[in-house]
Amino acid sequence: MTPDLLEQGAKRVQAHVAALEARTGQTESGGRAAGFSRLATPGEVDVTHGRILYLEDVSVSFDGFKAINNLSLDIAPGELRCIIGPNGAGKTTMMDIITGKTKPNTGTVFFGSTIDLLRYKEAEIAQLGIGRKFQKPTVFEQLTVFENLELALKTNKGVKASMFFKLDSAQRDRLAEVLHTIHLAESVHRLAGNLSHGQKQWLEIGMLLMQDPKLLLLDEPVAGMTDEETERTAELFLSLKGKHSLMVVEHDMSFIRTISDIVTVLCEGSVLAQGTLDQVQADERVIEVYLGR
Amino acid sequence: MPKRIIHVLLIAMFCIAGRAYALSAAEAKSLAVGEGDARIEALRAAVSHADAKTLAFIQALSDDAVKLVGETPVLVVDGQGQDPVTGAPVALPETAEDVMNNNRMRGELDTALAALKLLSADAQVRRDAVKTLRGEVDESKLPLIEQALAAETVADIKDQLGLLRAAALLGSTEIAKRLEAAQALGESTQAATKTLLVERLQVETDGSVKAALHKSLSAVESRLAWGDRLGALFSGISLGSILLLVALGLAITYGLMGVINMAHGELMMIGAYATYVVQGLFQKYLPGAFDWYLLASVPVAFATSALVGAALERSVIRFLYGRPLETLLATWGISLMLMQLVRTIFGAQNVGVENPRWMSGGVQLMGNLSLPYNRLVIVGFAIAVLVGVWFLIEKTRLGLFVRGVTQNRPIASCMGVNTARIDTYAFALGSGIAGLAGCALSQVGNVGPDLGQGYIVDSFMVVVLGGVGQLAGTVYAAMGLGVLNKFLEGWTGAVLAKIAVLVFIIIFIQKRPQGIFAMKGREA
Amino acid sequence: MSKPLLTRSAWGAWLVALVVLCAVVPVLNLWVPADSVFHMSDFAVALVGKIMCYAICALAMDLIWGYTGILSLGHGVFFALGGYAMGMYLMRQIGLDGNYKSALPDFMVFLDWKTLPWHWTLSDSFVATLLLVVLVPGLVALVFGFFAFRSRIKGVYFSIITQAMTFAAMLLFFRNETGFGGNNGFTDFKRIVDIPIATTSMRMTLFVMTAATLLSFFLMARWLVGSKFGRVLQAVRDAETRVMFSGYNPIGYKLTIWVISAMMCGVAGALYVPQVGIINPSEMSPANSIEIAIWAAVGGRATLIGPIVGAFLVNGAKSWLTVTYPEFWLYFLGALFIGVTLFLPDGVVGLVKKLKGGKA
Amino acid sequence: ADTIKVGILHSLSGTMAISETVLKDTVLMAIDEINAKGGVLGKKLEPVVVDPASNWPLFAEKTKQLLTQDKVSVIFGCWTSVSRKSVLPVVEELNGLLFYPVQYEGEELSKNVFYTGAAPNQQAIPAVDYLMSKEGGAAKRWVLLGTDYVYPRTTNKILRAYLKSKGVKDTDIDEKYTPFGHSDYQTIVADIKKFSAGGKTAVVSTINGDSNVPFYKELGNAGLKAKDVPVVAFSVGEEELRGVDTKPLVGHLAAWNYFQSIKNPTNTEFIKKWSDYAKAKGIAGHKDKPLTNDPMEATYIGINMWKQAVEKAKSTDVDKVIAAMAGQTFKAPSGIVSKMDEKNHHLHKSVFIGEIKADGQFNVVWKTPGPVKAKPWSPYIEGNDVKPDEPVKK
Amino acid sequence: MLNVKNINQYYGGSHILRDVSVQAHLGKVTVVLGRNGVGKTTLLKSLMGLVPIKTGTMELDGKPIHKATPYERARAGMGFVPQGREIFARLTVEENLRMGLAYKPAGTPIPPELFELFPVLQQMLHRRGGDLSGGQQQQLAIARALAAGPKLLILDEPTEGIQPSIIKDIGRVIRMLADRGTMAIVLVEQYYDFAQDLADDYVVMERGAVRASGLGKNMAADGVRQMVAI
């Protein structure tokens, strides 16, 4: 092959590459490699659309009973959303759906704008950054309070990593801090199974804090707590607001009052009303089905 | 036995009386003593001119009621010796030996008797005789068959006799007769006919007869195939009903109460031994009612196992509620002890439990499909026990309490339920049902110290596959496994079938991790 | 807060065990004259060697049952698979010394097999055998566990399918066509790595290897359960949903410990076979697997040392009682099981702890 | 020592206890009898009973214990082949002595074992010969039915080769196996019925102990009569029939080297001894209904021959006893003078075919003209023709 | 009516209840307050006999009951709504209610007023208890305890997880039951306002001991709200 032929070839290639580059710059997404949407970075929640959680037209039924009925709902990043509603409205079921415990019959559930939660399993959803406190406190009864918190700690949760895991000092500090927050510093070496109901509630909240999720789902977090502790919980949640998104289900109206911006009222599986607490409290339908006279 | 002899005598009087020959001492001896071939020849000769005495003698031979004093045959009637020719009493010394009839001889004797009984006045006797003669006829019996055919008035017997005649003619030297026979046999529903046709086919030389044989053979075979299929289905149901019985008790002690009861099998074994003991008592004290011992042993088996169960619950199990895995360990220990206890009391060997007479035999549904009574009874029994358990658990207060207590013992007690007593009742009930299963098993299998071991794995599989705590699931699982096993067995043999069923269970649980009737709902 | 692998006194005990099993026993057996009271008989050595193999199984059972809450009724299969892998090698080592002077194992000759079936391919290599001993049980456990855990099969449902697996495996190995000698299995071994097997020194070598394996498995298990991994396992046992919602994928954890546990059993089986001289499908009988769980329960679950103690206690008692009370020993053994459950809910080790705790 | 220790290695618990327990008692009875006559070499025999619990590795362990700890001079034991295979290396290594009393598949010959049960040619082949004969029903088709383990497999392999040599076609042989403990024979029996439609059929059953009861019960259910389809069994004796309602089974066959019903003075005495012993010791089951069977007879012959051999050798030294065993004779309850082969460690035995009677006993319908010498290496297995008919030095 | 004197209770080694004395009277609601973990639930469980007490006495209508089993206490007329609902998850709603009638003669009907009180139970009569929502379960638990018409009703945080309108209803019911004068009520409650509204008598617990007690109407004056705070 002669040198000039080589040269021609090189030019052709250059031209081709340039053409390609020119074309990629003109996509709808403003020149990013993929033409359809933004680049989805695994583990990163894309909140550029201003929504961290997004449910649309979700329905689920059990043996013909519609527990969730065309429910649509969304939550902004950093928002603290309160959910109220009659017993059996579907609040817990909704959380089951978000965390992957229950699969809906129809509808879409997105975490950020790119993550279709319906395609993930519980553990993956948790790792994506959704933490949950159950209505009935669930902790590891045969482990100590300390171990409970240690397990919840945000870190690599793979098998190998766990085998060789060692707490570093930052994590240790964080743990101590949380222990203090949940008032269980004295019980750190007790078995979680031996805690009282309220203590278990706190421990479970502590585990959520250790997990440091982007979105916290809290199902009746102050049930069984004294008023004073309820207040402290409220403070805690308010301090989390902004950094985290929270969805709180409660029946304790004074608690809701302390923490709420927007309150969503669920009834018979769909949204009945939404607005500030005062707005919904004034709503006749809400009074009828929920608050009572 | 004497009854039968009388019966034969009657036949003889009706049909054969007037024939000239009478049984002679020499003849009697030739029938009873000597080489097989010679005796058979003598027998065939005797049939052709049998008189009442000959007939009685043949019947006695067939009933093993003839002894030899030296070389002289002596009839044994009610323990007394009798001369077969004169009927005079004869001494029966200790040293008298039995006449030896092997299978071949017995077969010949039966055929001979049946041939003679073809002319009986009793239609049922004739029917039985035809049955006996199936597959045993040759041209020598033709005259008798034709005589019977001519006299026969009952339609079904007549049809059967026609087939019998055809069968006898199949060996005829005349092609036309063989052809006719070959065609006629196509109507048969009997497996024996298939044998005949197959055997004839091997020696048949004539083309047209061959073709007819082939045609009839395939007709018979396709009829038989249906019988086979239904037979397999029935065996599946029958196996299923046994699985159901062995699992029902466990569905209570384990399914409801959560006791991983490794001694379940031994509770069945106790039920089976209780049956054995009742049988012994009947033999000893009520020999006349022996056939009904099984009915008496049903409640006894239940009560015995239930009492043992209650004792176990009171002494061991009750301390272990809420610790299911500990119950595994303790009941394993109990199981070892119960087995050894039975070895100590009854010996290590199996004991014999007889089927009552009303449970032997079966209903003939098709030529090759008969449903044995004992299997039918067990299927019925399983259904009865199932209904009883279902009623008790789902429809009575006791059942409600049992379910409530087993779900939340302290709270049930706060509702005013005497939980300790309910626990004992429930465990005793489950154990008693195991005892019933044992009673049923004694009719189809071994009764020995490790009777239970053979069923423990199966019974847990059934309960778990059905879904723990789900009675309906237990039923589906038992029947499903029974039928699946039997169909596979026909196809792959018993060993591979069993393996395949186990693999099936493993795969099935993947699809339904909580059994067929999964506990649905949130607190599953 | 990370705990040491063993406390100082526990290290001491561990070292004593190591020295006794790997040095004192050989001396007592090989060099102390037979008529001396200190002599340890070949029989006793064989017995202890066998029980140590069982103890490994019990230890493996403790990891999966005691710590993870998964009751396996299939560990007998893993044990037997390891045993069969070793047994195949030992059969090949017989070489031409069999009854039929054939390169094929005897049972193949008289069942008219002309060539080795495919699954015997690697059996003449000792190295391959060592690999198979862990890989075969490991792989079977991996496949079985993967599907079962993925389908979220739990509790007794899992136990029962492991039992189904056990039963199926036993029937499969019973078949002569399967190519493992049917119910007779493998016996009459002659050599291992070309050294005669029926010699005192070979026996002692196997014994010491078993002891070393048991003790190192014990350390490994300590390390595993002491790590965060171990705590996740216990968390799975207590509240699997919570584990998932904490961001752990329980399948990976369960599968890991399940496979490790199966492999330990495989190793135990491989050590067992040359010591007892036979492997056959009855090792896979469901009862054997249940017994492994029983050793663990008798000793005390979730204690590691307990199951080892349990294996020694139950099997020791069995060996002793079958000779002293051949017709009554089942009563004693049954009573032992009942007694332990009723009076020692935490097993023998629990009792010891309680007594110690009472004094302190 | 002032006693001679005798090891008894039979399962008293577990699945094999059903069959083996009675052999333990047989040995104990024989020991009592020998001791009553003054023992052996002026010493009493001292039984050492252990329970290997139907657990095969435990058989090996117990053997080791008997030989090294208890230092027994001889062991009577084992039933299943696998238990024997498990024990074999141990007795060979420690140069012990084992008497094995059960019919088995052959293919084995050990210097340290005396086989007092039948080899296949002393049981299986004569049985098939009989069924092929006119008297036996002239069977043309064969169902070889067994429990899936080595003894049935090997026996059937030998039988298949033998039947072939007699001109039976492969299509006329149906070989079937069931798993251990199989208890549902509906399909099998239906299949036999179907198969038998193709011509005169006989069933050769090597079904193992516990499965026999359900098998025979099913046969009875299905109405398969012995005169139509005779079943000859090699593992069913008086003891096994104890658990069955025999009425529907009358005429089915068993082949053994001994039946309780054999009439001769030796047997009468043997049965009486056993009955008395069972009553005296209160042996469960036997005290009410004493039964004897082939393995019991084989056990009894074994221990008596061993005693004679010890006396001949004037020592319990294993090698000397082995040497003295050659050619030992004993007047056996089966009615013959049973002889230990000079070389091959197996007994010469007469073969009897018995038909089941309604009372659970057997009616002997055929027997070999005289004792048959055992062929542990069956000529129907390839390569066995070159095997020496005596144990080879290892 | 109910007279509890100086009971002491231990879980293993730890001393939970220390010399606790409590009374309850017919027609009165006795409210027990205290922070988390002070032993309220333990006290109620001791009353029902679910946990053994070491020392002390309990009398119901003058008869000693501290040796009786829980079912004997139930039969003596004690009804219990446990903390955490503890309904029978695999029994239907109807069956749960029938369990509440366990010691009544067979065939005793479920009192219809229960359904007036908790209409949702009527709708869900054949659904399994475990499938109900948390609040529905709580309602079921209360209804179950009322079914047999106890003389002494013991409630452990009955408002937990219940929607406000029904809490109001429950409050009314408790008041009504007390006002009938045939029932004594012991109520453990964290919801202070609710408790104060209902209390005829109050008991405040701290670290397993009774810190204060008095008449309900004096609660505000006695500073009970401050006592349950830190």
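The first chain written gets the first letter, and so on, giving A, B, C, D and E; residue counts start at 1 in each chain.
The working rule: contacts are C-beta pairs under 8 Å (C-beta built on N, C-alpha and C of every residue); 3 or more make two chains touch, one makes a residue touch a chain.
If you're wondering where the values come from, they're calculated on a predicted model, not measured in any experiment.
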| item | value |
| --- | --- |
| Chain nearest the overall C-alpha centroid of the shown protein atoms | C |
| Per Cα centroids, the chain farthest from subunit C | E |
| For subunit C paired with subunit E, centre-to-centre distance based on mean C-alpha positions, whole Å | 53 |
| Whole-Å gap separating subunit B and subunit E, where each centre is the average of the chain's CA atoms | 62 |
| Whole-Å separation of chain centres (CA-atom averages), subunit A against subunit D | 74 |
| Intercentroid distance (Cα basis), subunit C paired with subunit B, Å | 44 |
| Multi-chain contact residues (two or more partners), subunit D | 12-13, 148, 177, 179 |
| Junction residues of subunit B - those touching two or more other chains | 339-340, 344, 453, 495, 498, 521 |
| Set of subunit A residues in contact with two or more other chains | 62 |
| Residues on subunit C engaged by subunit A in the complex (per definition of touch) | 1-2, 224, 227-229, 231-232, 234-235, 237-239, 241-250, 252-253, 256 |
| Touch list for subunit B against partner subunit D, complex | 36-37, 98, 100, 102-104, 106-107, 110, 135, 191-192, 194-195, 198-199, 224, 228, 231-232, 235, 238-239, 242, 339-340, 343-355, 360-362, 368, 370, 372, 374-375, 443-450, 453-454, 485-486, 489-490, 493-495, 498 |
| Complex contacts: residues of subunit A adjacent to subunit C | 99, 101, 121-124, 126-127, 131-132, 134, 138-143, 146-147, 150-152, 154, 157-159, 162-167, 172, 207, 211 |
| Residue numbers on subunit D that touch subunit B, as the complex places them | 12-15, 17-22, 134-137, 148, 176-179, 181-184, 186-188, 190-191, 193-194, 196-199, 210, 213-214, 217-218, 220-223, 226-228, 230, 239-245, 247-248, 251, 253, 283-286, 355, 360, 363, 365-366 |
| In the complex with subunit E, residue positions of subunit B that touch it | 397, 400-401, 403-404, 407-408, 410-419, 469, 519, 521-524 |
